[in-house]
């Protein structure tokens, strides 16, 4: 067990840090969170800067145009970006973290040539069309239909929770090509060009008031068969293959953000006098221990990935613990804000000091509420931990229905 | 001893519930989201006509001479229906502020913490654009302030879209209208009635969650048949039940001398009701999954309103600390 | 809603209180908790005193020899006994609270005459033979077999968690008379005389080190058919009927004991200085609110029972909330005892004051651990609340097995 | 950076685990329940021979020159196997007290809270009848006391039947053997190694619960197939995992200058490990139902031992309060 950086790792960090110190000041001020065209422009500009500096696709293999960095370097990359306050690049994340790796693993040579460079250079923005109104935790029940007609699939259905759909060029789309009820066995993975006729994008406002997600309505949208990645009805496996890219760094930025937020909460407690309260101290200290424990878990997972080339089992445990911790951090934030928490924007402090950080802390509270739901509810995660890590039996098949559907289990 | 509701108490709750179904259907309530003023004066008058504000006044003052116990039943219904506006403040002010009982005067309230407040958090006022007068409650008593005299800044996006808020660095000196005894009673009764609103929210949250868990299917089954979801709902029901009886007991304890300490009962009611409303609001979001996280679903309104009430009169943390410090020796 | 006592209720309380004030001082010091013969003698003596004063079977109908007290009087009875520190009467509780009511509802005239007076007078002590090593939460899977031979049932099997079996005269016994796997439909309720040949009583030590429970091993024990209560294979219903006697007062003594314990914990906190800690204050205050909320719930349930004659729905909610609250009270106790909690007996205080109440608080911690398990785990209680009170769907029947067994549900 | 165990670290843990299987099988451990002395000197010597106590000493002092990181792996195994006795104290004393490293001297320890203790709780000593010498750790340093000189009363029934305890009003003045720097290091390393024992307990609790949940059938199914039970077990696994990596990180942080603050890492390890051991002990009882509440089942021993360790060196409450008060500004 070694937490000391190697010389190579240290050099990677130092070079990245100095590049960030030069690059970030050249960025314009970030656009308003609600202005997606401006955000697209800002995020793709940043992606281009990463590309020019050789940091685009840091985790992609070199023969796909990426940097081919080691898992530890990937960790360092995310740490340094968070540390420097670099843009997250919302408009790029589906392409760089999800669609890109899928294409690398499963796309044809032609598909890879067509899409990968555009992602790396920030020329094309991707969004994700996986979730559906009736298929949330149970993704395999998705119903968006694709019917083959000549060289096209004709696609009809609805997708939800599609981030930045308004400004996306391509959409990674899961459709049902098998019989209804064919579950995992009848799903196909398609590249949907977002300018195809028949796509309607409706904003999906969250409880936080944000417009970052949309609902997609697809009405006889024609997608060329050439846009299929992997075989017909093999889309579930194609989707799962991407997970094999995960090197335990998926939540590094989030986690470091939480650490920073905890510091802000403690600072708020100091200003309000709540830090004199031993109970509040214990809550803060407990959160600190948990977040640092999660950092240690990240390091463990990354180290395992570096050795084996496979994602370790720590990911599910991480997701479960992190979501719950972050939710408690959000609750404590609101508790400490007191009546200032009835606002959602920063407010002048009565002591004339810096404004109270209401916006970030309330936003963090909302974030906490979503974390135990998004990307697999905590309930589903507990099934996974119980069944895959502890080997506990799955729920027995249900007698009625007889379609081989399982209980709310991990797959 | 008969701690079950009397027939007339059941009738009272039913009557107000019926009025609310027609006067405050969810669509009507939601149509005001984000507006700077959310009190519909016509509806407010109709509420007043059912006795929501005058309930506890003497008959010759136009009241029904009922107790705090009955008021908790009414306010539970108001909470259930998510009725917006300074309900508790106007109820407390009835009899002291002209027109409050009748619904012609809408009364806002600022509660100054015991000892005088101060610190870094500014004064946060609710419903400033809705109210005709602002009552200020501090250790010395109650005084009245004209809304226009308050130098306040409106919050761009209040946490609860149905509870518009303003901030102010200080409040103007008001006209004193009541002394410390009234102030102490307002604090206590206000905590109990706010707790009753919370019980109403907790109840709606439980109902919505149970209904969704019965209808929503995933993995070929209603999600409520999975223990993970069922048990979330069961815990909601437990919190709701305990809070409800505690709030009603606090009402009775204030009304009937000798059955207990009304201040203790009030503090306990607030602790349990805040837990129930916030806890059930959160659980309701979780049971609804992605749907519960949308603005379109009403679920978020329950949780946001619960957070507003959690910061009115006394917080659960303050009330619990006081209850812990004053535990009698065994 | 009225919390004020009626004149009758007040008179009942006053008379009881003055009787207790006279009666209790005449009792000898209580025997050691481990000395069951002495405890039997002590408890049955107390039962005889209750009988002589007209308080035996306070909740039994008058025509069965009881007092026929109203639900509110039953509540007052338990409150006053707890307040006065009267003996709980462990040796009597199965007879007075469970077997007696069952016989009243379902016994023949002859059975009632044979057993009821002896219970009321403290002449006979009953124990319970329901749970089995393999049938805990799932009582309906019990396997102790009873085979009819002439006028006897011949019983073979094992029972666990049988309190004070060593000193009991009779045992209320559930046996399987139907086919194996017949679940609720093949159970019969018998009176087992504890002096019958073939009964072996082995102590079952709990984690608290207590010997209050035993395991019964029954090897070809002959029980006369005349000892059957209700029809053959109808024992499940017979058992459930008893629950109809419950008037919401089952946990009153327990609850008031918890209130008293909370006072002792607060006193300990005052002595150690922990009461200056706002977090500890909040924990104590929270527990106070919950326990008083549970008192209010008890009053609600008793009032409903008084009006309708039926147990209200509050019982399951009470059990669930109370168990969890009491468990947290136990955790807080151990927390505040600190290193003194490594003992289980009272210890001289370093300040020369009264000894620290280690024994009671540690015992309470053990008690808390058992409460979420005994008489239906909290997991089973949550199923009941979800299904019976909220109407949520039961778990669907399991496909395999095909014996109609349900999931872990409430029945 | 490679935070995975090295091959030699894996071998070390395996080696000690193998020794424990033969030297400390559960029956052997349990045979000493309730005895006033629970250290079997022959087994203790064999433990010493594996390097449990001398691990971190220099080679010329008979040690293996390993770090605190390696020690956490060894102590996790000792915790897993429920090995009784003053393991951490003897390990800390190795190199300072003759014979500790070799296992011929068994060393007890009393940790005086920072600032000197006092209050109403008397001094509680563990293993007085087992030890040859008692080390007393206070702000000034470490001093040694002869057990026979301690005026102590044995507890009739210690909470953990394998951790006999005594109480004393005060301790005799001991012979000073180390100063405040060593004392501070003992506090820190002692907290980390105790946390490692807790991780071992948490691991055994998880294993026992998962095994029971797989084998025990109720309602015609293995109880582990019910979400209510499965999720209890999943939460155990989460607590165990976090505590384990935090304890190992605390070891590495103490060993490798510049990778972090060793005091912070030690406090965090104790917080998470106490939570894991106590929480998993409690959950293990719950999963086992009635069986878990019997003395016969080993489950209670895990929970009781966890409570003992929770009160050694620093409590999770104390450590968390310190971590909260010292959070660096953002």
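A, B, C and D are the chain letters, set down in written order, and residue numbers restart from 1 in every chain.
Heads up, the rule we're going with is that a residue touches a chain if its C-beta (ideal position, glycine included) is under 8 Å from a C-beta of that chain, and two chains touch if they have at least 3 such contacts.
All values reported here derive from a predicted model rather than from experimental measurement.
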- Pair exhibiting more inter-chain C-beta contacts, A-D or C-D: A-D
- Query: Which chain's centre, taken as the mean of its Cα atoms, is farthest from the centre of chain C?
  - Reply: A
- Query: When the C-alpha atoms of chain B and chain C are each averaged to a single point, how far apart are the two points in Å?
  - Reply: 39
- Message: I'd like to verify one number: the distance from the centre of chain C to the centre of chain D, where each centre is the average of its C-alpha atoms, in whole angstrom.
- Response: 38
- Task: Give, as an integer number of Å, the spacing between the C-alpha centres of chain C and chain A.
- Result: 52
- Sequence positions of chain C contacting 2 or more other chains: 278, 280, 282, 379, 382-383, 396, 398, 408
- Message: Going by the contact rule already set, what residues in chain D reach two or more other chains?
- Response: 221, 226-229, 231, 317
- Can you list the chain D residues touching chain C in their complex? 118-124, 126, 155-160, 163, 165, 167, 169, 217-221, 223, 226, 228-229, 282, 285-286, 289-297, 299-300, 303-304, 307-308, 311, 315, 317
- Mind pulling up the chain D residues that touch chain A in the complex? 1-6, 9, 69, 206, 210, 213-214, 221-222, 224-227, 229-231, 233-235, 237-238, 241-243, 245-246, 248-249, 251-253, 256, 258-260, 264-265, 267-268, 271-272, 317, 319-325, 327-330
- Contacts from chain A onto chain D in the complex sit at residues 1-6, 9, 72, 75, 260-264, 266-267, 275, 278, 280-286, 288-290, 292-294, 296-297, 299-300, 302-304, 306-307, 314, 317, 320-321, 379, 381-383, 385-387, 389-396, 408
- Item | Complex interface listing, chain A residues touching chain B | 131, 134-138, 141, 160-161, 204-207, 209, 271-273, 334-335, 337-345, 347-351, 353, 356, 362, 369-370, 372-374, 377-379, 382-383, 398, 401, 403, 405-409
- Contact residues on chain C for chain A in the complex? 277-280, 282, 396-400
